[in-house]
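Accompanying notes for the structure given below.
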């Protein structure tokens, strides 16, 4: 293995895309993800690819649509308000069954919000965002290395199922630096005989569209999409469970919050409180059965989020309201571990499991 | 062994590059590191601080509420971050811009006139490296020679033109801190 | 002059969804003829639009994409950057191009993107039932300007004149199809647009003034007369910009 | 000299070919096609010069003019 490189999250995403064989990027500057653009504006021409700074996120996502139609491995990145503008395009990409990777370096919202770390786009991406019956695969890395690994994985899933995949980061992960290893191999190329590349040796034209005027056609189309989504749910769920087997208090957190929560769980264990951490890595498909399992011993569940509480709804659905689920949350910052630890301690006393 | 460093000052003082240097130094010894910058609203001239963690094990949280080592490069940073130093930890104060010593009794604290030292060293923009030298001496977190070799290898020719100046400033900072500690030990011995 | 006429092989033989006398069909055919003549059928990727042009991918016998409303120039940009040697064009109406898709169209031109836009101007939204478009003329009655377009609804948008100021736009022309002579000119303009693109000279756009008998409430011949007499004074015909390479 | 073929079932009876034929040899038929339109037809093909203006103006691309046939 080669030497590790110290990299900022945003640059890591950009380099991971290149390592994954992505040569086309279309984006629009927005804090706190602009380094992704800046890095690729420099690097993609060196790699024989194309970078365009679009006139808006609306344009950027449609350039992604076009490049994906043309059979390219393609990515865009933005931050919350920009991702909102891309929702229309995401719905079209999902319906047209195009592979594309989207990165959301989340910032505080609603509205212009702030430029601080946030996890408030969970509903937007996990539950829909764009119009219509579609699903977006959402990956939630928690370190700079995982930003890299999950960007590569995102391309693999996107191409395997011909579907858009989103990678969640946040303002802190975009800016923080950690030592990383870049992947050595890019995902294997897939069959792209469906792409609109000009007919060349084909007799029949390839058509990529999202219009199904006869009701039957639309129903069949949605059924086909959802057969694919069910397959993704079966095959692609990812999570980690840390000290959950005997956990009285189960903390559920994803992304950067799962790192802080893990430290809080360690503090609790040192003090004799049996705490555990369940971390969903795929937010859709949500690892609900694994979470149900991980909560089997729990007397209480705390979800820790940098939002007013969004994932908590999926957590409640997953554990079927067997035990109370409460929210620990902060807005505009990543809390320190002791804040979550205090919440664990308080809960442990309430349910009388504290040491 | 896990150590957290909070470095704070105003934008343009080189606080972030001090943190980066520290992170690279940790990597040079094969340790796990995390570097979290936090910017003010302004890109230049605003407040700047960063948190660096160097650890033998996987770093779970890159954030802590009570870092063991805190560097304050100006007075507002002293006021803001003096209270967060972990009890028994180290506070390094840039006395060129902070107007008092620490009021806390439960920590080790050193006041370093970084600007004056930088001027004497003929590298007036090097106060951050003076402070870094003092920090390395006070904490012994890394082997400085190893760091130098690692950086030369990592940067692969880039940014290396300023390395001799930076290393000289770091050396001045280290020597100042060494004498500072000898004197304080001596004065403790007298008392 | 060659005699006779055969359908271009680049057109799929199927009934159009267009209304009787709608000029979309003529323009579709001209695009297909030019692509046939240039031998580019297997090298072309067409990008449609939303509106009456929405089914263009079903009529052309080459690779086609149906994008969202107004975004065709952005989609075409994505295709062209990946496949720089293909002929990539969009086919858009005035609602799609001059209202919701103005940004995409303008910036495509400004970037000098090597794509061509075939722009159908029939002064209103045809597919949704004849509402006012940016190109609706002053005093013109539409379903959303029941008393005629007035000051309160703004003024007609002259796309070609605006785009001609963009340095990236190499070929900009406005034509019509209300007579055989104009049909010939339109075909020549489409060919020049495609040649501009394939020669790498810059962005190209052909605006075709087009009759909408149904929503104008006219018979097809009255509608052609309306284009000639009412539209051309507001939207003057001609080549606004021609690069040296295709003259 | 020329044959004028109409793809009768695709004709929408707009009458543009009728209006633009320089020889005035195209008319709308009395009968309707499956779509319910009166399709265009040639009345006296022997007078056709093969100029193909009918095809040029046809918005539904249903006309082909080919050389040959019984003169």
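We call the chains A, B, C and D, going by the order they appear; numbering starts again at 1 in every chain.
In this text, contacts are C-beta pairs under 8 Å (C-beta built on N, C-alpha and C of every residue); 3 or more make two chains touch, one makes a residue touch a chain.
Quick caveat: nothing in here was measured; it's all calculated off a predicted structure.
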Problem set entry | By mean Cα position, the chain sitting nearest the middle | A
For this session: Could you tell me the distance, in whole angstrom, between the mean C-alpha positions of chain B and chain D?
Result: 89
Exercise. Rounded to the nearest whole Å, what is the centre-to-centre distance of chain A and chain C, using the mean of the C-alpha atoms as each centre?
Worked result: 40
Exercise. Quick one: chain B and chain C, Cα centre-to-centre, how many Å?
Worked result: 64
Problem set entry | Between chain A and chain D, centroid-to-centroid distance (C-alpha), Å | 60
For this session: Name the graph shape formed by the protein chains and their touching pairs; answer line, ring, star, complete or other.
Result: line
Exercise. Looking at the whole structure, which two-chain pairs count as touching?
Worked result: A-B, A-C, C-D
For this session: Spell out the residues on chain C that touch chain A in their complex, using ranges where they run on.
Result: 41-45, 47-48, 54, 57-58, 60-68, 71, 74-83, 86-87, 103-104, 106-107, 111
Exercise. Where on chain D is chain C touching in the complex?
Worked result: 2, 7, 9-10, 12-16, 19-20, 35, 37, 49-53, 55-61, 63-67
For this session: Spell out the part of chain A that touches chain B in their complex, as residue ranges.
Result: 3-6, 115, 172, 175-179, 256, 259-260, 262-264, 266, 334-339
Exercise. Once bound in the complex, which stretches of chain A touch chain C?
Worked result: 24, 26, 50, 52, 54-56, 58-60, 62-72, 74, 88-89, 92, 196-202, 205-211
Exercise. Contact residues on chain B for chain A in the complex?
Worked result: 20, 23-24, 27, 32-37, 39, 41, 59-66, 154
